[in-house]
Each structure stands twice: as structure tokens, then as C-alpha cells.
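What follows is a pair of complexes built around chain A, which joins chain B in one and chain C in the other.
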Partner chain A sequence: MGTIKKGTTRERNEFVWGWAFIFPTMLGLIVLNIIPIFQTIYQSFFKTGDFGRGNIFIGIENYVKMFGDAEVWQAVLNTFKYAIVEVPFSIAIALVLAVLLNRKMMGVSAYRTIFFLPMVAAPAAIAMVWRWLFNSEFGLLNHIFGTSINWISDPAIAVFAIAVIGIWSIIGYNMVLFLAGLQEIPRDYYEAASIDGATGINQFFNITVPLLSPTIFFVTITRVIGGLQVFDLIFMVMDKNNPALYKTQSIVYLFYQNSFVENNKGYGSTIVVLLIAIIMVVTVFQMIAQKKWVYYN
Partner chain B sequence: MKRHNRFLALGLTAAVAAGSLAGCGGGSGGSGGGDSSAPLTVAIWDGGQQAGLQEILNAFTESTGIKTQLQVIEWNSYWTLLEAGASGGDMPDVFWMHSNEAVKYMSNGILLDITDKVAASEVLELDKFPEDLKSMYQWEGKTYALPKDMDTIAIWYNKTLFDEAGIPYPDGSWTWDEFYEIAQKLTKEDGSVYGFAANPSNEQDTWMNIVYTMGGCVINDEGKSGFDDPKTIAAMEFVDKMVHTVMPPASTMSETGTDVLFGSGKVAMISQGSWMVAGFKDNEYIAANADVARLPKDATTGRSISLYNGLGWAASAGTKNPEGAYKLIEWFATKDMQQKQAELGVTMAAYEGVSDAWVNNTDKFNLTPYLEAMDDVVFRPATKSTLAWWNPMVEELKKPWNGEEDMATACANITAIMNEKIAEE
Partner chain C sequence: MEQRAKMMQALIHAILILVSITMLVPFLWMILTAFKSMGEATSVSPFVIFPSVWRTENFTTVINNLDFVNLYINTLLLIAGRVIAAVLTATLAGYAFARLQFRGRDFMFSLILFQMMVPGQIFIIPQYLMVSKMGMLNTIFALIFPGLVTAFGTFLLRQAYMGLPRDLEEAARLDGCNIGQTFLFIMAPLTRSSMVALGIFTAVFAYKDLMWPLICNRDVMPLSAALAKMQGQYSNNYPQLMAASLLACIPMIVLYLVFQKQFIEGIATSGGKL
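The block that comes next holds the complex of A and B.
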């Protein structure tokens, strides 16, 4: 990339303009993301003082503490539980909806709008509404089913209840991406398949899914990262008295708790560095695995 | 080439992922421009007090010509914002201080030192304010904030549920044992009504009052944890007994909140601070069905002890207009404005003797018990860095609340945690 051979004027022009166009994005990324990453890593080696003053270098002490901290590993487990439920369901449901809505029928844009609406609503508002739907005393869910399940305060199921909210809020966004991908698939394939006698289900698995795989891959990568970063839903839904909090709090929740509530920014940074490492590893594996199932034309 | 791109993509994806988190950490540098003629920004966390305080601020502008701008930031965000502002040098000019956080802000020079101005003041009558409250906002002989208000604790009871159970309304002469018997009578077998409710986080407004009334303490005279005091343990075991016999399941209380349970007739009594009055006044069900009684007494000593706390008005050390900021703090602490705050029903006053006006701010409840509670009060326990042990203490109490641990073990664990954190201060 860095080396340009003596090219034509046109090549040089393209090079200059190419960089000029991505410069604003690069600048934003460097100032808002890349520099803070290194600051965070730097901070994780300190015992931080109040208001960012009087930081004391303590080497890897925060890391030693973290590797022995059961709460951190519980949070890692909780985060994975959340992501493992949220990602596949939100993708599968969105894919089916996208296929169903990718045709000419009455009120198709109304349906698309309805499914996309949760994406427009503020996450805090969504969480508040679901918190009351799930409420064991007055909640609509228990009222309809005639049950008395502690959806969000039973340690065994609370994390999955949160994942349901996550799925509900993200389906519309995934669906729009899939719809865009579906428009790219030429109709000829489906016509040819119909003539050969393939059923709708056959067409879905043998034409739609393979040809949509680059989009599915993109959505999976971004959703896995998003899922591992879950915070706002848990923060809004779980009260600090909630008995299920320990088995529900995510890595980012713990980071927030340590950095901003208990005012231990050094340890908070250490926790978030762990998350960066986890996301890197998971993403590398996904990059390797994509060779087996993603088809680029 | 393709491979190359992919690694770049991988790097960037991870960078975006990490950056969106790390971004929270960076404080914004540089403060907004402004000179002494710009309005003073005033920050508080309680929306219930906004209307009344706005009136007092309007009177201030009228009298001094200094404009103000009041903003309400919800409790949790308030402290995040204040801390980010303190680190980045962009804070509100005048704001509330709480006993949990005061030492941290005072000892780091974040707050405006008003010692000399207070000493030279002609309008302040500091001897009218409670000693504990004044000294809470002093650090190494210097004053950083003036008392804003004072709060005490009392019992709220549901008159309708008392009538149904045929129990006479409490007159404040009850003991905690009698209270427990009443709570038992009010608790229905089918779980539709419970006698009492409290979460582990209802410390200042519920269980700490029981601890002090029964002769225990949270912080003892040597400045160490009081959770190894037999009287504290006995009081906490009494609380534990109530949790498991006359209260809704801990999960229900944590999900719904005790004030909501009380406001929906699910719980017949709760113990709450005077700061809740403004909110309860606006709740139709509570306004129609509830009233207030004094906290029960201890059977042997006959004392009924309420915790009390008070906020302080402080200013930022970096304010562009220290003169104006101090004038505003002083304004809030004058007798007239303390009285006005009480009359408007904002809160009880910190200034001695003017809170009678607060009792009459509503005819929906009899608020006299809050005033009577001032006869025998203990200041909300605090050390140099209170929050460091306060949160783990509440966290540990969730275990006995949920039946995962007995109360005596929890008290032993809390003693160890507290003493460790206090030793680090």
C-alpha cells in the first residue's frame, strides 16, 4: 500500500483523491478511537487517583488482580451467554423476515417500517418498557400467561430475558441490511430454479443463503462485537438490589461499575482491555472460518 | 492484496469496537467561554425540587441582577458528569454536594474555598445550622459548602389497609416489636398484601435507623466498622426476621421498588425519608390513602432515633464568577430563603426553627413526625471515602435478603470489608 510505483498521472490522481476522501473518517477514527485505546491500555497499569490526578504506576498488578477476580470471569461468561443467544436469533429471524418482505405485496413498506421502529426508539426507553413487561408483579407477560416467573430477577434466566430485549431491538436493523443484500441477487436464478422444480425452501437454502453470505458475514461480525459490548439494557433493566445482577452483569457493565461508580479507573481500564482482547480473538476466528462458508462472486 | 485488506479490515473493526468503549474515558478538555456576566449554571439531581428552587433563583436574580440557569441531572449521571467536569475543568458554577462525595471533592481542591467570605458575611447565622452538617462540608479547617437542607426518616402507612385489618392508626408511641406484630397482622396469607418492605439499598431510610435505635452503630467511636457490635448484629437479625416474614420476596422488591409497591397497595408500610414527600404528594393513590407516623422506639431505651443528612451548596473552584457563585450560596443559606424553601415544600430547612412552614406545605399528609424526628437524630454515617465501603456493604446484604447466607455471617463479612476499606483511606 505504502509504495507507489511510477504510475500514470491517472493512477497518481486516484491515489491522492482516495486518501483525501477517507481522511475525515481516518481522522475521526484516530482521535476518537485509536488514541483512546492506547490511553486506556496505558491507564490499566496505574492505580488512578481522584479526578485523574496522582496516578501511581503499579505495573501488572491490575492484571494479576483481574485474573484472580471471580466477578470478572462471571461477567465474561454472562456476556458470552448473552451474545450466543442474541446473535443467532437476531440474524435468523431478521433473515426470514427480510425474505418474506422482499416481494411485491400490499403494505410492504408499512411492515418494513414497523420492524425497523425499535431501531429508532431510544435504548433507554426500550429498556424501561421491557422492564415493566417483564415485571413479576404487574408485568404484562406474567399476566397473559398466568405465570409468576421472575423473568429479570431469577439468576438462571435473567440474562436470557435481557437477550430477548436485545433481539427485539436489533431485528429491524439486520433486516434492512439483508433486504439490501437481497436486492443484489438476480431474479434469473430463482426463475431457473422454479423451472427446474425447486420449492421455496430449496431456493432459500440453495440460492438465497449462499448469495447473501457476504451480508450475513458482515452482520455476524458486527453483531458479535455489539453483543459482547452489551451494557445499556443491563444497566437500565437491572436494579442494584436485583439478586440476579451478579449472574447478568456484562464485562462493560463491570467496567462502568469500576470506573465510574467505584472510581477505580485503572482497574476499569484493565477490564476493558480484556474485552478488546476477547473481541480480537473472536473476530480473528470468524475471519478464518468465513473461508468455509462465505461466497464472494 | 486481498489478504492485506482483510487484516486492515480486522484491525479497523476491532479499533471501532474498542474505541466506542474507550471513548467514554476521555474527559473533554477546555471549558466553555464565559465571563462574569454570563448566567451562573446551577446543577441539582432532584427534579421534585426544581420548581421551588427556580422561584428562589428568580428572587436572587431580582435582588442581585445575576442571572442563573438551573439544570436537573438524574442522580447517577450527576456524579459521572460532575467528576468528568472536575477532571476536564468544565463544571457547573454552583451545585449540590452530598456527604458521600464531599471529602473527595474538598481534598482535591475542586470546590471553591469560601472560608473567608463566610467569616466576613453579614447575613449568615451559622450557629443556627446543625454542627455535624456544617463540619461535613469543612476540610482541614476550611469551608467549602453551606448546608442546604435537612432530612429525617418516618414511617408511611396505608390507612385503607389498616382499616381493613381493623388496626388503629399508629400514633408514634409504638416500639419495633409492636411494629413487627402489626406488620404480621397486615401480611395476608395469599401474598396480596405485605406488612412492610425494604431493599438492602434502603439503608439511610430504613435499616440503619433500626440499627441506631437498638443501640448499634455503622461506624463506631474509633472510626471502625460497627457491624461486629452485638447490638448491631441483633438489630440486623431483627431486620432479617422482617425480610423473611412480613416483606415481599427480595426479587419482587428489587424489581419493582418499595415505593411503587407501597403506591399500589401491595405493601402496607414503608420507611422513607422526608425527601420523598414531594413525589408522594403527586401520587394519587398515596395522597388518598397514606399518612405518616414517627419511627418506632426501642423497647428498653424508649428512644426512637432517625438518621439525618443534609446537602450542601458548593461552587466550582474554577468558576469564572466566584463572587456571584458565593453570593448565590450565601443567598440559599439566609434565614429568609431557608424559610422560603420550607414554605414552598421543597425540603425541610437546615436552618433551625423554620421547618414548621414545611409541615404545612401540604394538607394531604401529617408531616409533623418528620419534624419530631429531629429531637433524636444521628448523622448519616460517613468516613473519608464512604462510597468505597458503602456499596460493598449493600452488595453483601443482598445475600441474607435472598436467603443465601445468614445475617450473622453477612455482618461478619461486612465488618471485614469495611475495616479493610477504611484502613486504605
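The block that comes next holds the complex of A and C.
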């Protein structure tokens, strides 16, 4: 009897303390995140009236409009173009750098510090300095290469120029994640391979990549999601009157424009729903594809 | 063999130095341009690398025009508010999710995981409408508001508590500590490194956040939004834009250089939340 009673007091204690401890977080989470998810979906069936007044129910009209909206599909295409360049390059370069840094060598921590530096700079500042580097008349890049390319105002290349900024910004972050993964690979594997006469490049493809594949997969998933949400760089680099804007604006950029510049929050919500659908499909697709290449021991 | 190894080493350094230069050039160019006159910055032949005189006018101009002192204060308040709120709430909730048994826990934790998987843009319009209804647009509170709690941080702290040995709590309980005391005096101090990681992560992302400040605050701005606004106004005065960018970046870069290890670990533990 005594033990049961003791048990229940303890249970009650844990119940009370437990809820008290999670209460602030859950209250905030439900108000700030969970309810807004449903509100945004709900909002996507409404149209904001003129001068931001009133919410008019219009059923699936926003969705019908969106599916016929060439600007939205162009933005989807732009976003994919950006991600298809940013993700593989930032991952491949970061992987090579991580492998090069994963050894006892002078200057390792200095290199790591430098590569990671863009992560702590304001994206607005990064975008501005790259805009200046890309400047077609006075920019450093055209001067160094002796070219006169309109990096960010030529609709054919602007989105890729922005992807270059994205790659530059994120390499250090990916590299740190890879370095953590590399610590897990036993040294013996490499020693055995060296004795068998495997070269560095052989080792990279036959030991490092397969054993690091869970980390590579994780970084890829998160980078693809991040890439599909690109906003800051495009917002900061592209002026309203940039002729390449139509060919560079991303899904989130359109969301921002529609929701907060043109003040049609209904249509903005519809675009968010599209973004989430795209992210879900792409992520599920990667989850299925991983079975073919990710190696878990 | 010795020779070969040395060659390899030199090659590796050559590659790493080349990449380092690529990473540093934009920052160096920002610095050099910030000290130039407009004429030097836009001179094509000859192309000017170093300013003839290291002018500070660009800095004084932007400090006065943009009221940089206020921008620093706003950014500091934004960061401090979010860091304190996030670390406090996540530490409490993380402990409960890791170590206490109570009805409803698992469902609540599934909401935490769910939040982490949903792209953040879906929260923005309702959050904006909430702040707007409260009449709190253009306040420091509005800047802090979406960061009051953190699903990711709760998850991170929960992981930290899960890694601690159970004996500690048993011993504390036998000594007569209640759950609150056990948490406060025994367990919470042991997760200090995770709290620091979460604090740094929260600080850096509050500092980098651009869209939310652009939406909710047109007057009380942090650095990021002020840079965006400035670019709209003086879009071609690059020496001034670079001076402002430099001033905006320096505090965080200095902190980073001082607390490198904590920064890199703090941000790297964030995993996917970018």
C-alpha cells in the first residue's frame, strides 16, 4: 500500500512539474507556430479586399489563379535553378575541404575560421558586397577577368551569379558538418587501404564517401530545403527595376511581394502552401532515392 | 616517399590558401571600398585597389544618417530578448521532455518535432497579423516575438539532458530535493555547454534574420533591415554602402573571432535549422 501511494504522489509530482516546465514552450509554440499553420492554409482560400480591408472567401480561386500564373511557375523554375547549382557545388566543395582539413597539419584551425566566416556576416551585407563585386562597370570581378559581363542584370545568368554567392556563404557551414562526420571514420580503414596501395583519390571515393554518406545525405536534405527557401540574397541583390528580376525571383520572394508589398495575404498564403508542397515532394523523393546510395553500417 | 609527402602537403596548402583568398576577398573589398571616395571606387582606368587616403567620411556619414547607435541598440535588444527567452524556455521544456514522465508528454513532443519540419514561411503572415492586432508593430517586442520559444532549442536541450546519468537525480531525490530543486541545482548546470550553443545559434540567426524585421518594423530597425533600406535609398553610393555593411558586420565578426570554438559548435549543432 505504502509503495503504491508513494508511486502516485511521485506521478502526480512529475505531472505537475512536467506541465509547468513545458507550459511556456508549448503555449508559445501553439500560438506562434501550430495555429498559424492552419491559419495560413485557411487564409489561402481568401482574398484581401482593396486597401487591405476585409477578407473575402473565394474558395479555390487563389489556387486556380496560381496554377495559371506564369510568374509563379517562372519563380518555381528560378528557385530550382538556384538550388540545383547551390546545393551540389556547396556540398562537393565543402566535402573536399573537410577531407583536406581532416588531418594533423599546420593552420587547420585558421583555415576553418576563414571558411566559416561568411556564416556570421549579415546576409544583407554579403549581398551588397557581392553586388558591388559583380558590378558590370566598376566591379572587381570584371576587372580581374578582363570581361564586361552583366552578372546580375543578364536574365540568362543572373540566377547562377546569385547561386555563386549562396555557395560562397554556405561552404564553411557544410564543411563543419562534414568534419564532424569524418571524425567518426576509424583511421584503420585508411591505413589498411594505404597498405593495399590505394591512392588518396581512391580512398576518397571508396572509403570516405560511402562511410560519410549518412552525413552527406543529411546535409543534402537540409541544404535542398534551405535552397528552395532562398530569399535574402535575391531580395538584396536584385533591384525592382533589374531586367533580370523576372528570371531570378524565387518562390519566397514572390510570397513576400504578394503578402507584404501588394498586401494580398490570401494569395501570399497560397504561394506558401505551394512552397511546402514542393518541399515535401522533393524531400520524400530524396528519402526514397537515399536507399540507393546511403550506406548505413 | 618523404619527398612525395612533402609535395602533397604543399599542394594541399596551395588549395586551401586559394580557397581562403576566395573567402576573404569580398570582405577585403568591403573594407577597401569603405575607405575610398566615390571617384576612386568608380575609376576604371586606372582601376584603384587601395584608397589614396584612408578616409573616414563614409563611416561618419552613415553613422549619422542611419543613426547607427540606435541600430546597434535595437539589434542588441533583439538578440538579448530572443536568447534569454529561448534558452530559458528550452531548458525547462527540454528537461521535462527528457526526464519526467507525465500524461500528454509524447503528444506535445510530437508537436515540437512537427514544428521543426515545417518551413518557417508558413508562420509569418499570422504572426504579422497577431503583432499588428496587438498594436505592437515597430517595437522591439515585435522583433523578438517569433523567437520567444524554440522547438529546435527544446529538442537540443532534451538531447543534452538525455545524455546525463540517472544516478544524479536519484541521489538528489534521496537528499530530499524536489523536482524543481533537482532541475535547478543539479541538472541544469550540467547542460551549460548546450545552453551556450543554443544561445549562440539564436543570437546569430536573430542577427541575420532579414524578412521578419522588414515586415514588422519600418522605424525601429535592426542592422539587417536598415542595410536593406539604405540600399534602396543610396543604391549606387558603394563606398557608403560598404562602410555601413562593415559597421554592421564587425561586432559579430569580432565576437566570432573571440569565441570561435563555441560559435562553430553552436551553429553546427543546429544541423538542419537554417
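Please note the rule applied: the second predicted complex is superposed on the first by the 258 of 297 C-alpha atoms of A that agree within 3 Å, B and C clash if a C-alpha of one lies under 4 Å from a C-alpha of the other, contacts with A are read in each partner's own complex, and residues count from 1 in each chain.
The rule is short, and it goes like this: a contact is a pair of C-beta atoms (placed from the backbone, for glycine too) under 8 Å apart; a residue touches a chain by one contact, two chains touch by 3 or more.
This one's a predicted model, so the numbers in the text were calculated from it and none came from an experiment.
Once the two complexes are laid over each other on the shared chain, residue contacts for A:275 go to chain B and to chain C alike.
By the touch criterion defined above, A:260 reaches both chain B and chain C.
By the document's definition of touching, of the two partners only chain C reaches A:140; chain B does not.
Of the two partner chains placed around the shared chain by superposition, neither chain B nor chain C is touched by A:206. Look at A:122: by the touch rule set out above, it reaches chain C but stays clear of chain B. When both complexes are overlaid on chain A, the residue A:11 reaches chain C alone and has no touch with chain B. Of the two partner chains, chain C is the only one touched by A:24; chain B is not. Of the two partners, chain B and chain C, it is C that touches more residues of chain A.
Shared-chain residue A:34: touches chain B and chain C both. By the touch criterion stated above, A:194 is placed in contact with neither chain B nor chain C.
Contacts of chain A with chain B, set against its contacts with chain C after fitting on chain A, overlap at residues 29, 32-34, 36-37, 39-40, 43, 135, 137-138, 221-222, 225, 229, 239, 252, 255-256, 259-260, 265, 269, 272, 275-276, 279. Residues of chain B touching chain A in their complex: 4, 6, 10, 12-27, 80, 83, 86-87, 104, 107-108, 110, 199-201, 250-257, 261, 264, 266, 387-388, 391, 394, 398, 401-402. Chain A makes touch with chain B in their complex at residues 1, 29, 32-34, 36-37, 39-40, 43, 50-53, 131, 134-138, 150, 152-154, 221-222, 225, 228-229, 239-244, 252, 255-256, 259-263, 265, 269, 272, 275-276, 279-280, 283-284, 287.
Chain A meets chain C in the complex at residues 11, 13-15, 17-19, 21-22, 24-37, 39-40, 43, 93, 97, 100-101, 105, 107, 109, 111-126, 128-130, 132-133, 135, 137-138, 140, 143, 168, 171-173, 176-177, 180, 200, 218, 221-222, 225-226, 229, 231-232, 235-236, 239, 252, 255-256, 259-260, 265, 268-269, 272-273, 275-276, 279. Within the complex, the chain C residues that touch chain A are 8-9, 12-13, 15-16, 19-20, 22-27, 29-30, 33, 41-44, 47, 88-90, 92-93, 95-97, 100-105, 108, 111-112, 114-115, 118-130, 145-146, 148-151, 154, 178-180, 183, 204, 207-208, 210-211, 214-215, 223-225, 227-228, 231, 235, 238, 241-242, 245-246, 248-249, 252-253, 255-257, 260, 263-264, 267-268, 271-272, 274.
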